[in-house]
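Pasting the structures in now, so scroll down.
The same chain A turns up in both complexes below, where it pairs with chain B and then with chain C.
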Partner chain A sequence: MAIRLYDYSLSGSCYKVRLMLGFLGLEYERVQMNFYPGRQHRSPEFREINPLGQIPVLEEDGLRLRDAQAILCHLANSHDASGEWLPRDAERFGPVMMWLMFAGGELMAASAARLHDALGYELDIEEARRKARAAFRVLDDHLTAREIAGARWIVGDTPTIADVACFPYVALAGDGGLGHEEYPALRNWMRDFRRLPRFRAMSGIPEFI
Partner chain B sequence: MSVARELWTGVALDDQIQAASSNPVILDGQALAVWRGEEGPVRVWEDRCPHRGMRLSFGFVRGETLRCIYHGWTYATDGQCLAIPAHPTLAPPKTICASTYPSETRYGIVWTKLDGGSNGAALPDLGPDEGWEPVRSLFVHAAASPVLEALLNCDLGQQGPVHMVAENAAEVEIGPELRVLVAVHAMDDERTALHAVARGPRAASERAGLARRLERLRDDIERA
Partner chain C sequence: MTVTTDPVALNQWVPCAWDGQIPVGGSLDTMIFGQPIHVQRTGEDSYRVAAVDGTTERELPVQVRYTCVFTTLGDTPRPLPEIAEFDEADRRITGCGNVGVNTSPYRLVENFLDMAHFAFIHTDVLGALDQTEVLAYRTEHRKEVDEIWAIDCTFYQPAASKAATGGQLTRYVYRVMSPFSVMLYKNVVTDPSRNDAICVFIQPKRETECLAYMPMAIVDEVSTVGDLIDFQQSIFLQDRVILENQRPALLPLDPTSELPTRADASSIAYRRWLKAMDIRFGILEKQAA
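Up next is the complex of A and B:
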């Protein structure tokens, strides 16, 4: 039942998966990719593993999965006996899926801004930042409403894979030239998240809280 | 509306500054670290470590001290450096001090002013401090004057007129029993924050609805 992760330390998407593996206490083998400057994810060999040429990819028992959000679903589905990371009740399942899609969709504008600033990717940086701010605001408004309702997590009373999927690119915003000044609820949620047992930091996210 | 440096400005909701946290705030283009110890009131400092200039809003709190994330220099609530981890036996000289600004918490809002002197107007006075409930902070992508203009003409429900209680704060009465106080905070030429609190028997139960109406106001201002 070995798990293998095609990984890159500085990737926020891979970090989603590393966080989840950590929260679930799972051992895994790390295949360190030379993402930059080697562009190993675009090599013909890696295209056989993921035709999209993207990381993360996770392998387990003959399964080969791409997309961080899909991988989080798989890990919670197979390895979380509590069922809390991916709740199956109607009240929470749909909302968790909704915010998961948001993490892999709108929020990825913050990843684009970071790739531009940190790795020199050519893209319209103003457009990326504008979209990232719009996404941050949507989540900040949601978490403000949650605070008002006396709650702390994106869905329900416990952290779910929606929190795990949204955390990295919100926390790494500064690498893309985006400050946290306008998002008090995001700041408080990030601090709560960093205080979770088995939380691990990565480069760009402070270790101490 | 220009930011007079001697004017008290609301820069955050007390309720949203967690215990043991340091937070980034921009006031009139100036980066501030707004932090709270494990207990005690909120402090407002320049967002700059005297050592190498690292932002203190990235720092972390231990007890009633703020520690810089970079090399761990440790500051007391008055800004004085207490400890330098790389030189554990050295008592830091008195000259090593973070820049602090005055801060007051009133009506659930944290107020500060960039000019530390005692000139300038006093804090807005709306009676006793008790009974105010937080609503929310909003960050509007527009300059302060159009935001203030929109606030004076806004409709938060069945309300009376909006009146200014300071150069940068307005009060709205919604029926006889609900009062909303909004502090206007110019971040820079393009961004303005609003910090809203409410008072009255319905203040807590109306909070979610008020927050949504303020979000609507923000979005309307930006569309205009």
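Up next is the complex of A and C:
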């Protein structure tokens, strides 16, 4: 049952997977990718592994998976006996999927802003920041409503893969010139997330959130 | 901003691309000191750099060293430093691309010189929370080369480099080679007689907008280039968070505006040196009382 992760330390998407592997206490082999400046993820050799030329990729027992959100589903489905990280009941399953798609969709505008500011990607930075703020607003409003209802996590009473998927690019916002000042509920949620057992920070996540 | 008129800043060689960033035949538009420039790769090892003002171009000097493409806007630039380690045959020479940092170039140099933050910002890697003391070290202004050096620096490091397998008391020597470039020598984990050489060359685009280049000449037969880069970038992206949160972003040279401690001796020497050369670009002007 060997797990192998094609990984790059500064990738927020790879970080989602590293967090989940950590929370589940899983050992894994790390394949170091030279994402920047080497652009190894766009090499012909790596396109054999993922034709989309993206990381992370996770391999396990003949399975080869791309897309951080899909990998989170797989890890929770295969390795979480409690079933809490990926709840199957009708009340929680749909909402977890919904916020998971949000993490891989709208929230990725914050990733774009970060790639622009830190690694010099050429893109419309104002547009990226505007979209990221709009996504933060949606999640902050949701978490505010959850706080009023006496809850702490995005869905249900325990952290799920929706929280794992949303955390990195919210927490890394500063790398893309985006502050957390306007999002008090996001700050409370991030503080709770950081206190989870086996949480590990990555470069770019400030200590003071 | 407009192009700086500061002659000290203009007469520095600064990086404007990393070697390999531009494909042969391609080009890149960027900026130094507020001046738009056009960097063209004309051949495998040849580049052409020009200052662009509207439709007119002025060709600038260019040299490729230490994995970077350097240029200058000045007529009598301070020469690029000599770093002998980059000529040693068994060294792993690698750049790390460049990383954007929105602050003044001097804040970057000072952060690189600072050992006091190791335990707190690079916890479990370059420092440990139970061994935070910066032991006394010495600073020198080496007048023959006009550089600032900090010597006899030591710091306990749990994982000093990619090659490390345990903690060690790392010996450091720091060398400020120009207002916009700094390097360190740290003893190699596997061979105490040799030093890894790690540099930061800064491209100041505007006063508080920089690109940082990190060429390294490392003694390490095991790690891949990807490993070495990942380690260095992970460190730098931790620094970037605190760098972009320093206020003011411009560097004050008035000794009363920021209070140093003994651990800041290298930074004090750097600021005195900057003040003596009367550099103005990216410096906080003292406000009238």
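Definition applied: the second predicted complex is superposed on the first by the 205 of 209 C-alpha atoms of A that agree within 3 Å, B and C clash if a C-alpha of one lies under 4 Å from a C-alpha of the other, contacts with A are read in each partner's own complex, and residues count from 1 in each chain.
The criterion applied here is as follows: contacts are C-beta pairs under 8 Å (C-beta built on N, C-alpha and C of every residue); 3 or more make two chains touch, one makes a residue touch a chain.
Quantities reported herein were computed from a predicted structural model and do not represent experimental measurements.
Peer 1: Does chain B (first) or chain C (second) touch A:40, or do both, or does neither?
Peer 2: After superposition on chain A, A:40 lies in contact with chain C alone.
Peer 1: On the A-aligned overlay, A:182 touches which partner chain: chain B = first, chain C = second, or both, or neither?
Peer 2: The first partner, chain B, only.
Peer 1: A:173 in the overlay: touching chain B, chain C, both, or neither? Say first, second, both or neither.
Peer 2: So A:173 meets neither chain B nor chain C here.
Peer 1: Taking the superposition on A as described, I'd like to know which of chain B and chain C A:32 touches: first, second, both or neither.
Peer 2: After superposing on A, A:32 lies in contact with chain C but is clear of chain B.
Peer 1: Is A:118 contacted by the first partner chain B, the second partner chain C, both or neither?
Peer 2: A:118 sits against chain C, while chain B stays out of touch.
Peer 1: On the A-aligned overlay, A:145 touches which partner chain: chain B = first, chain C = second, or both, or neither?
Peer 2: The first partner, chain B, only.
Peer 1: Now for A:190: first (chain B), second (chain C), both, or neither, which partner does it touch?
Peer 2: Touch status of A:190: no partner.
Peer 1: Which partner chains sit in contact with A:206 here, chain B, chain C, both or neither? Use first/second/both/neither.
Peer 2: both
Peer 1: Is there a shared patch on chain A that both chain B and chain C touch, and which residues make it up?
Peer 2: 206
Peer 1: Considering only the defined contacts, which chain A positions touch chain B in the complex?
Peer 2: 137, 141, 144-145, 147-149, 179-185, 187-188, 191, 206, 208-209
Peer 1: Which residues of chain C touch chain A once you look at their complex with the stated criterion?
Peer 2: The contact residues of chain C facing chain A are 18, 20-21, 95-100, 102, 120, 211, 224-227, 229-230, 233-238, 240-241, 244-245.
Peer 1: Using the touch definition up top, name the residues of chain A that touch chain C in the complex.
Peer 2: Interface residues on the chain A side: 8-10, 32-34, 36-38, 40, 117-120, 174-175, 177, 202-207.
Peer 1: If we count contacts the way the header does, which residues on chain B are in touch with chain A in the complex?
Peer 2: Per the stated touch rule, the residues are 12-13, 16, 18, 20-21, 23-26, 58, 60, 67, 69, 136-137, 139, 187, 191, 193, 207-208, 211, 215.
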